[in-house]
Structure formats: C-alpha cells, structure tokens
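Below you'll find the structures, each written out as structure tokens.
What follows is a pair of complexes built around subunit A, which joins subunit B in one and subunit C in the other.
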Partner chain A sequence: MTVHVLGISGFYHDSAAAIVSDGEIVAAAQEERFSRRKHDPRFPQHAINYCLGEAFIETSELDAVVFYDHPLLTLDRVIKSLLTVAPRGRQQWMKAAPSVLGVKVHVERFIRKALGPNVPVLFTKHHLAHAASAFYPSPFDEAAILTIDGVGEWATTSIAEGSGSEIQILKEIRYPHSLGLLYSAFTYFCGFKVNSGEYKLMGLAPYGEPRYVDLIEERLLHMKPDGSFRLNLEYFGYLDSNRMTNERFSELFGGPPRPAESRITRREMDLASSIQKVIEKVLLGLAGHARELTGKRNLVMAGGVALNCVANGVLQRKKLFDELWIQPAAGDAGGALGAALVASCRYFNVPRKMNSQGRDSQRGSYLGPSFSKSEVRAFLDRENYPYEAVGDSQQRALKIAQVLSEGKVVGHLAGRMEFGPRSLGARSILGDPRRTDTQVLMNLKIKYRESFRPFAPTVLAEDCSKYFEMEGESPYMLLVAPVRKERRLEMDLSRFDQGNEDLLEVVKQPRSDVPAVTHVDYSARVQTILRNDCPAYYDVVKAFRERTGCSAIVNTSFNVRGEPIVCSPQDAYRCFMRTEMDLLVLEDCLLFKKEQPRWEEEDDWRNRYELD
Partner chain B sequence: MNRQLFQYHPQIGYTFIPGLKTRVAHDGGGYLVQVNQAGFRSSREFQRQKPAGVFRILLFGDSFTAADGVSNIARYSDLLESQFTGIEVFNYGLSGTGTDQQYVIYRELAAGVECDLVVIAVLVENIRRVAARYRVYLDAEGNRIVYAKPYFCLESGHELVRYHDPVPKEPVPEDHLTPDELQHVDQGGNFAWFRQAVNTLGSRARDVAQRWSRYQPLPAYESAEHPDWILTKAILSQWISQCLSPVIVCPLPLYQHVEETCDPAAYQARFRELGTETGAVIHDPLPDYWQVPRDARRKFRFPNDIHPTPLSHQLLADSLMPCIQSFLHQRGR
Partner chain C sequence: MTGETDMNLTDQTRDDARLEEFFNKQLVPIAEKLREEEAQLLALEFSDSESSWYVPYVDVGPEVFSFDVDQLEQELRDLWRDQQDAVLLELVKSLENLARDLYRDSEDGDDVSPFVYVMF
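The block that comes next holds the complex of A and B.
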C-alpha cells in the first residue's frame, strides 16, 4: 500500500500544501496562487484540493496530515515573550492572539473539518520541517543542515545533520535572537513590507555603501566565534509593539523609518548594503560552525534567510563546503513539504527517495498544476480569444525567440507551476537581456514596480560560464554570481557618487552586453536550465541563442506588483491584457496582444492588489 | 481557482475537456474527476468494438449520472461495474444537459458503439430542460451567462426537428433575445425570484418553505397532454426505437420526491405510459429510496447541493442491479 502524507503550512504567511507518496514528492503549491491573495496565510484549502487531485487520491487514502509547526510551543513562546516585557507588549499580543489562539491551536479541527473526522493529524517542529525540506530532496546522502528564518516556535536558527533518512538537530539559536527578524527590521526601516519586501532590500544593496556595518556590529548584533549571535533588543520593537524597530533604532540611523513609497535616499541604500554584508558575515560564521560540528562535506539550507541569494553566492564562492543545495521554497511554504517528508521518513519509516541520476528530487520545483493543451484551447475558444496554435515545439520556440529578439516582452505559461517564490520559466515574463531599455520597460510598464529592481537571467546550463563567474548549476535562481569581467562595461556613476539619488539614471546605463540582467554591482541572480528541467522553456532560450547568439534571456515572475504569480491560463491572460506585454504563450498557443479584443474592467484593477 | 471543466462541442453544446484529471472542490469536500478522450467522465476510453465475453451497458443522463460531487469510482455506473464481473458501463452522463442533449450524445457519439443494454437515466427535472432552448450558467465571478443549447421541436404533430445545429458558440446577451426566446430560457424552475430569495436563507429554510408550500417542482408531468411531456416522450420514444439493444429508462427522482415533500405520482404515471407505449423497461428507484427511514434520507444529498451523495449512488446501483441482472440472465450469464 502506498503511504500518502499531506503536509500543510499556514496561519502566519504563505500557507501551502504538499503531498508525498511513498517518499516521492508528488505535488506542492502555495495557497496564494489559487486564492489570488498574495502571501495568503489562510488554511490552504485550494492547495490541498490541488495536491489531492494531482495524487488523484481520496481523503480516506491519506495516511496522515502533518502541520509544519507546533501550535502549543508557539503559544508558549508568545506568552513567555510577552511576560518578559509586561506590562508593555499589549499591541504585540493583540497582533499575535488571533493567530496563536484563534486559529493555530485549532489546526487539528480545521484539518478534520476539511478532510474528514478520521484523518490522522500530526505536528512537526517548524525548524525540523525546514531542515527536512532542505535535506530530503537534496542530492546528498549526508549533509550539514542550516535553517535560518524569523522564528518558528522558539527556534530562529538551527544547525542539524542529515544522514540517510535521519535528521538530528544539533544546535539552535532561540527567539528573540533572530537573523530573519534582524533583516526584516531593516526591511521595515527602509520602507518595505515585512515578509515580502526583503527581496527589495537585497536588490537595493548594490546601490549603497556598507558604511553602517561597524555600527550594526557594535550596537545591534553580537557575533560569537562559533557563528552564534545575540541581538541587542533595546533597539527593536517586535517584542513589545507592532513595529519592528523603535526610537533608539531611528536615532542610531539618523531619523525615522522611510515612509512606504516615498523616495529612496542614500541612507536606505547604505543601510541595505550594510545589513547585507552583516548577513553574509553571520551566514559564513554559521556555515563554518556547521562544518566543524558535523564534519559533512555538503551543506543544505532552508528558512526565509536562505532566499538571500546574494549571501548564498558568497557562501558558495567561499568553498566552505564541497556543494550547496538550497530548498527553492525556503520560506514557510516549503515547511509544508518538509512536514510531509519528515513524517513519511520518521513516522511511517518510508525509505528516503533519492534521485538515481545524482540530481535532487525536487523535480525542478515544477510541482504545481499544469494545464493541458485541451484545457487551454477550451478556455480560448470559449472566450473567443484569437490565437495561433503551433504544435511543433521547435517552431514555437523559434517564433517566441523572434519576438523576444525584437525587444518585445513575452508572458510564458508552460507545464507545471513552480513551487516557491521564483518563476523558473513555467510562469514567467521573458525579455531580451541585451537591450538597455528592457529593465526600465519591464519594471515600469509590465510589472508596475520600482525602477531599481533588477531582473534575473535564465541561461543555458552549458553556456553559463561564458556569461557568469559561476561553477555548477543554479536551477532555482538562488545564487548570485558576478558577470564575467570581459562582458562588463564601465559605468559613469559620477553624478550618483556626487549625491544624485536618481536610481533610474543608474539603471539606464549599460553595464554589460546583457545589461538587463546585470545589476549595478555587475552581479546576476542566475538560473541555469537543462532541457530535462522544462523542455518548452529550454527550447525558447536555445532558439534565442540560435537567433541572436545570446544564451540568456530575462526571466521574471509572471505577475504585477502585489499580485501572486499567475497559476492558470485565465490568470495569465488577465495579467497579459492588463500590462504592456506583446505576446502570451499558453502551452502551444500564441496570443499576440495586437490581435486581442479590447480589455475592459469595471474598476481600476491596481486597487485590488495591496502593494508589497 | 475554479478549473474549467467543459469545452465547446458544435453538436452537443459542450463536453467535459478530454483528458482532464483533477479534483473538484465541492460541498462534500471534493471529488476526483477523470475524463476520457471522448469527453466523458471515465477512466477508460470508449472503444467502439466490444471485447468478447463482455456485457456492455451504455448509460446516459445528466449531472446525477455524470455525478457532480462524487468521484468517478463512487458513481452508480462504476459501482455496478465493480459488483459484476465482465460488465462494462460506458457512462455518457453530462452535467447540465436535458434528455434532448443526451439523445444528441447518443446519436453523435454512441450510436455506433456495440452494446448489450442502454440505460437512459432521466432526472425527472430534465423535462424542463427539454423545453428550453437556452440555459443560464454562472461564470467564475458569479455573473449570469446565457448559452444556447440544442433543442427539438415537434413539427407536423409528430416529426422531431432539431434546432441550434450547430450550437451557437458565443454566449447570448439576454437583451438580444426575442420575447419568445426569453420564454425558452431555462431559469431553473418557476418563480425564479422567489426561489432565489428562499435559497439565500440556506438549504434548511428552503426545505421548510417547500414543505410548507406543498411545492410541486414539475407541473409538466401532471397531464399526458402537456406539451413539454409530449416533446420529452417523443424524444425518448424515437431514441428507444433507434436502439438495437434493450433499453431501461430510469426516472431519477428529485430530493423532494425522495424525502416525500412532494408527490411523485404524476411523473411515475407518465413514465409507466412511456414503458407501455415503447416496450422499454421502466425502472423506478424511488421505492428503494423509500425503504430507508424518512429521517435518514437527508443523507442522500449534500448539505448545500442537491446532487446525490456516494450513499445515494450506492442505493441507485443496488436498485438497478436486479434489473440489469435479468438482462444478464437472458444472455445466459
């Protein structure tokens, strides 16, 4: 009998579900993709429905449902933390109470209501779920495991050891000392939204100078030789208020937090740069200690901080470990997958399934729903949207490549949706990386987001080293690497250096022969692709190389600012028509914007999405 | 996200999307749907040729037979298959259709399929759909959309003539319909505004209102001369006459009949007349429902959806089994 285990995460942010059958990852998806509410924290009913459908099993066939967190331990942490700051902390309690009292302690009831009264419900610890999500799908039989996030129950950082089917947690750093919360505090202070704006802070860092590093290390963070750290809580607000930082923090950095959507100043750029350097330093310390503690040659990572691909790139280049593997859904969504895997291995004694080809068993993270050609055509025919069906995948790729080479922007939906925050070609917006205007065009007219934000390249794995100083693969876009020196172009930053804070002026300057994917520090967040990973997407990149000689294209998530990444053909069409994309690819159907009927909506759709 | 389940079909109006394999979220929790290449819910392809030694049944009906709310394997068609060795049931059920559309399915897609028995499961409410030329659907945002459907008219008193062939693909704006056409939009029954008002109060309030008002949902059965019944009977008679195999007509009751909040006598009388006139076997499962204590019958439908639950499908399979067995015995099995 097959052992089916459903993992669930939720009730904080990014709820998700994942299903593992006999140790094989069958499906995983975030709730937001179905509910169309970004970072949806609610019970992941749609994601569960999808997972059961993908596994094609009845709820009665589930051997267990596993929640990624232990609600009572979380409640324990919340109450004890509040007692330490009492009588302050009322605001914090009001914020936390609905989750930890109103929902989380009733998780079991939610699950039974949704999936039946007899389904066995299990709980795992938060960091064990992260550790499992990092280790079990990795290509390593043995590895050191590092999980770093904001907080899960009490733990904020864990060092563990994985061997075969076993995971042993060796060391923990506990709340309130948290690298994730430290980074979120700077995210908040720089005017970005916590739990979603961290990427912006990372993208802003190369514009600044790390002139606050010493101040942060002197006043905010005490690092020890074993890589562990403590925060000076006098500067933070998250223990006793609804704010991440307090007045002392503001005094330290020259004034109040930047209001959201206001002009970004040199201070924010320098703060972003500084905290990035600090994070890298702590990460290297923790990784070094994990190496000493475990003696393992490989490292796997998960937790929200593992999405800091700049730090990941630094870690990889330091060569503390032979190899590094990071769970692509490193945040809380990935906890659903880890929970299912850990229960499968530990509770049901299902042997760990490793990829026989020596690769990971994450399946390229293409773990979400797909839509058949019949489904796509049924939708387009019903709506009477004009399309051109190109059945031959090579011909289709050539047509798409031609459109891209003309400087046009393409929405691309093919195969199963990605699990995790990165689009990897299945739900992506594509552009020509050679053009200097691509970044501005795609930021302002397609994504409707801040102009400074960089775009990432997808590059044919076989040609990666021609463009980037990187060894090995980066299939999940989790590593940042320098653009090769011979491709770089010198930038004139004299006006910027003299105090002009207009980031657009910097962005518009060519930086390399692939300027749209070269950040201002000549780095790039690289996705390498092999044909087996996503054939339709690989063929597009290859066709682009054949047409232009360039082996890379711009790949950004298929959404607009504040919107979850598209899931279905219907979502994709809607997003396509709301933006200035030129071509939409829905499996084997090509839809040109100029041929589509006029798109009308009753109200301004931008108001439907809360800005992130 | 509601996954699209249907695709346009020029003769039938629509079918399920071929090859679909998904789980549909539902009042009952959710159900597994697998669709074959012919566009019907089945885990097997409908091969024209019947393998030797197999007793094959072709089954037609609407969402009660396609089984909205119930996984493929828990439907009465599939339960029948699993309870008899050597029988195949090709379930051509299609949600939202009337007997007229089901007859079109037979003519267009099933007439040439070898079989031993044809079962036409007529949800008694289908009589209203037979009289309709347009049906109202709700899109993903809950907006009303009117689509044309294939329909028949009796001309020269006896000739069935088909219209909407091919079925118009585009939805029809209601304000583009003539007053006569508007009369033929199936609104889901009489007193649409009143039903809508009662439905907003929840299923319990609806049940009370129906019991209190002695609601008779299908007045068209009350007279053998009612034009809707005459048309339905003509379609069924022609269909039965074209079948080369024996035919069972199975009138499927509404929940009001099952729960005895309305009187089934009129429709039962009409179907008995049909059996007498055509020679088809009429199998009425209602007496089997009534074997169950009345207070337990609420479990035959979902909390907020009138479709039959898996329990109801089991009862239907059990009810049909002796009837089908008699045909198996005739075949010496």
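The block that comes next holds the complex of A and C.
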C-alpha cells in the first residue's frame, strides 16, 4: 500500500500544500496561485484539492495530513513574549490573539472540517519541517543543515545534520534574536513591506555603500566567533509594538523610516548595502560553525533567509562546503513539503527516495499544475482569442526566439507551475538581455514596479561559465554570481557618486553585453537550465542562442506588481492583456498582442492588487 | 445580511473586551510579579559574558505528533510545569476558555499586520 502524506502550511502567510507518496514528491503549490491573493495565509483548500488531484487520490486514501508548526509552542512564545513586555504589547495581543487562539490551536478542526472527520491529522515543528524540506530532496546522503528564518515556534536559526533518513537538530538560536527579523526590520525601515519587500532591499543594496556596517555591529547585533548572535532589542519594536523598529533605531540612522512609495534616498541605499554585508558575515559564521559541528562536506539550507541569493552566492564562493543545495521554496510555503517529508520518513518509516542520477528529487521545482494543449485550445476557442498553434517544439522555440531578438517581451506558460517564489520558465516573462532598454521597459511597462529592480537571466547550463563567474549549476535562481570581467562595461557613476539619487540614471547605463541581467555591481541572479528540467523553456533559450549568439535571456515572474504569479492560461491571458507584452505562449499556442481583441475591464485592475 | 453583520460586530466587540480583560487583569499582574522576582522568560542580554549564543536543541516531545484543542489545557500545564514556569499555570484555564470562545468557523477577516508577525 502506498503511503500518501499531505503537508500543509498556513495561517500566517504563504499557505501551501504538498503531497508525498511513498517518499516521492508528487505535487506542491501555494494557495495564492489559485486564490489570486498574494501571500494568501488562509487554509490552502485549493492547493490541497490540486495536490489530491495530481496524486489521483481521495482524502480517504490519505495516511495523514501534517501541519508544519507546533501551535502549543507558538502560544508559549507569544505568552512569554507578552509577559516580558506587559503592560506594553497590548496592541500586539489584540491583533494576534484571534489568530493564535482562534485559529492556530484549532488547526486540527479546520483540517477535519475541510477534509473529513476521519482524516488522520499530525503536526511537526517549524524548523524541523524546514530542515526536512532542505535535506530530503537534496542530492546528498549526508549534509549539514542550516535553517534561518524570522521565527518558528521558538527557533530562529537551527543547525542540524542529516544522514540517510535521519535528521538531528543540534543547536539553535532562539527568539527574539533573529537574522530574519533583523533583515525584516531594515526592510520595514527602508519603506518596503515586511515579508515581501526583502527582495527589494537586496536588489537595492548594490546602489549603496556599506557605511553603516560598523554601527550595526556595534549597536544592533552581537556576533560570537562561532557565528552565533544576539540582537540588542532596545532598538527594535517587534517585542512590544506593531512596528519592527523604534525611535532609538530611527535616531541611530538619522531619522524616521522611509514612507512607503516615497523617493528612495542615499540613506536607504546605504542601509540596504550595510545590512546585506552584515547578513553575509553572519551567514558565513553560521555555516562555518555548521561545518565544524557536523564535519559534513555538503550543506543544505531552508528558511526565508536562504532566499537571500546574494548571501548564498558569497557562501558558495567561500567554499566552506563542497556542495550547497537550497530548497527553492525556502520560505514558509516549503514548510508544507517539509512537513509531508518528515512525516513520511520519520513517522511512517518510508525510506527516503533519492534521485538515482545523483541529482536532487525536487523535480526542478516544477511541482504545480499543468494544462494540456487541448485544455489551452478549448479555452482560446471558447473565448475566440486568435492564436497560432505550432506543434513542433523546435519551430515554436525559433519563433519565440525571433520575437525576443526583436526586443519584444514574451509571456511564457509551459508545463507544470513552479513551487516557490521564483519563476523558472514555466510561468515567466521573457526578454532580450542584450538591450539597454529592456530593464526599464520591463519594470515600468510590463511589471509596473520600481525601476531600480534588477532582472535575472536564464542561461544554458553548458554556457554558464561563459557569462558568469560561477561553478556548478543554479537551477533554482538562488545564487548570485559576478558577470565575467571581459563582458563588463565601465559605467559613468560620477553624477550618482556626487549625490544625484536618480536610480534611473544608473539603471539606463549599459553595464555589460547582457545589461538587462547585469546589476549595477556587475552581479546576476543566475538560473542555469538543462533540457531535462523544462524542455520547452530550454528550447527557447537555445533557439535564442542560435539566432543571436547569446545563451541567456531575461526571466522574470509572470505577474505584475502585487499579483501572485499566474497559474492558469486564463490568468496568463489576463496578465498579458493588461500589460505591454507582445507575445503570449500558452503551451503550443502563440498569441500576438496586435491580433487580440480589445481588452476591457469595468474598473482599474491595478486597484485590485495591494502594492507589495 | 444586516443581522449577520451586526452579530459579527457584537461578537468582535465581546471578543475584544475579553482579550482586553485578560491582558489587563491576568497578563499584566503576572508580568509585574515576574519583574519583581527578576525572572526572565526571554533571554535579552547583550553582553560578552557567554562564549556562544547557541543553545542546545531541547527535544520537546516527538518529531511528529497529534494535537487538538481539547489537549490544550493539559499540554500547556505539562509544558509550563516541566519548565518550572509555575506562575504561568494561573493563565492556563483562561487561555483554554479564550481558545474555545475565539474559534470561528470561518477564518476570513482582516489581514494580520505584517508588523506583528512575530506573534505567529
């Protein structure tokens, strides 16, 4: 009998479901992709339905549903936190109690209500779920495991070791001392939204100078030689208020937090640069200690901080470990997968399934829904949307490559949707990296987001070293690497260095022969691709190389600012028509914008998405 | 619909009053008592007195386990008794009552502010 375990995460943010059958990852998806509500924290009913459908099972066939967090220990932390600060903290209590006491301790009831009264419901612990999500799908039989996030129950950082099907957590750093919360505090202070703006802060860092590093290390963070750290809570607001930072923090950095959507000043750039350097230093310390403690040659990571691909790139280049593998859904959504895997391996004693080819068993993270060619055509025919069906994948790739080479922008939906925050070609917007205007065009007219934000390249794995100073693969876009020196172009930053804070002036300057994917510090967040990963996407990149000689293309998530990444052909078409994309690829169908009927909506769709 | 909305508002007001009361009449006095005793529930020191800020992992129960709200009272008691947080035991019954009363069939409602996400 097959053992089917459904893992779920949620009730905080980014709820998700994942199903593991006989130790094999069958499906995983975030609820937001179905509900169309970004970072949807609600019970992941749609994601569960999808997972059960993908596994071809009924709820009665589930051996267990596993929640990724321990509600009792979370309540323990909340109460002890409040007792430390009361009578302050009243606002937090009023806001949090209905969720902690009204929802989280009732998770079992929610699950049974949704899936039936007889479904077995189990729980695991937050950092164990993260650790499992990192270790079990990795290609390593043995590894050190590092999980770093905001907080899960009490832990904020855990060092563990994995061997075969065993995971042993060895040490941890506990709340309120948290690298994730430290980074979120700076995210908030720089005017970005906590839990979604962290990527913006990372993208802003190369524009600044790390002039606050010493101040941060003197006042905010105390780090020991073994990489362990504590925060000076006198500067943070999250213990006793609804703010991440407090007045002392503002005084330390020369004024109040930047209001959201206001002009970004040199201060925010320098703060972003500084906290990035600090995060990198702490990560290296933690990883170094994990190596000493476990003696393992390989490292796996998960937790929200593991999405800091700049720090990951630094870690990889330091070569503290032979190999590094990071769970692509490193945030809380990945906890659903980890919960399913840990229950499968440790509770039901199903042997861990490793990839026989020596690769990971994450399946390229293409774990979400797919839509057949006939489903796509049925949708297009029903709506009477003009399309050209190109059945031959090579021919189709050549046509797409031609459009890209003309400087046009392509929405690309092919195969199963990605699990995790990054688009890896299955739900991506593609562009020509060689053009100096691509970054501005795609940011302002396609994504409707801040102009400073960089774009990432997908590069054929076999040609990666021709473009980037990176060894090995980066299939999940979780590593940042320098663009090769010979490809770089000198920039004139004299006006910027003299105090002009117009980021567009920097953004518009060519930085390399692939400027759209070269950040201002000559770095790039690289995705390498092999044909086995996503054949249709690989063929597009390869055809682009054949046409232009360039082995890389711009790959950004298929959505606009504030919108979840598209899931279905309907979502993709809607997003395509709302933006200035030129071509939409839905499996084997090509839809040119100029041939589409006029798109009309009753109201301004931009108002439906809360800015992230 | 109006009746439902009114009922929800009534429920909300009642819940808020209970939460306020719990905070003011139970949490605050215990917090003050703990402060008088110089008891620390969170490690907040920021000094050089220790060589490492790591703590050994303490296995609280099995890796995979069952839990439902009916176990809340007993499990909280066990947890706080084991941790010698005896003063917290005074809160257990009220927390159990709050959990029972705050439960809603639907989880729809305001999004939680991201700035209090450490509370989850």
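Rule of thumb we're sticking to: the second predicted complex is superposed on the first by the 612 of 612 C-alpha atoms of A that agree within 3 Å, B and C clash if a C-alpha of one lies under 4 Å from a C-alpha of the other, contacts with A are read in each partner's own complex, and residues count from 1 in each chain.
In this section, a contact is a pair of C-beta atoms (placed from the backbone, for glycine too) under 8 Å apart; a residue touches a chain by one contact, two chains touch by 3 or more.
Just so you know, these numbers come straight off a predicted model, no measurement behind them.
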### Query
Is the arrangement of subunit B and subunit C around the shared subunit A a clash or a fit after superposition?
fit
### Task
Look at A:123 in the shared chain and tell me whether it touches subunit B only, subunit C only, both, or neither; answer first, second, both or neither.
second
#### Entry: Partner contacting more residues of subunit A (subunit B vs subunit C)
C
#### Entry: Arrangement angle, subunit B at one end, subunit C at the other, subunit A at the vertex (C-alpha, nearest 10°)
90
### Message
Looking at A:114 after the superposition, I want to know if it touches subunit B, subunit C, both of them or none. Which is it: first, second, both, neither?
### Response
first
### Message
Looking at A:50, would you say it contacts subunit B, subunit C, both, or neither? Reply first, second, both or neither.
### Response
first
### Message
Let me test your reading of the model: by the given contact rule, A:93 touches which partner, first (subunit B), second (subunit C), both or neither?
### Response
second
### Task
Superposed on chain A, how close does subunit B come to subunit C by Cα atoms? Whole Å, please.
10
### Task
Using the superposition on A, tell me which residues of subunit A are in contact with subunit B and, in the other complex, with subunit C.
none
### Complex contact set, residues of subunit A against subunit B
33-36, 45-46, 49-50, 52-53, 56-59, 114-116, 372, 374-375, 377-379, 381-382, 384, 567-568, 570-571
## Note on the structure
So, in the complex, the side of subunit A touching subunit C is made of residues 11-13, 41-43, 66, 70-76, 78-87, 90-110, 113, 120-125, 128, 150-151, 158-160, 169-177, 181, 188, 193-195, 222, 224, 226, 228-234, 237-239, 241-244, 289, 342-343, 346-347
### Query
Contact residues on subunit C for subunit A in the complex?
15-16, 19-20, 23-24, 27-28, 30-32, 34, 40-48, 51-57, 60, 63-69, 72, 75-76, 79-80, 85, 88, 91, 95, 98-99, 102-105, 107-109, 111-120
### Summary
The residues of subunit B that touch subunit A in their complex are 1, 3-4, 6-8, 17-25, 29-30, 32, 34, 71, 140, 169-170
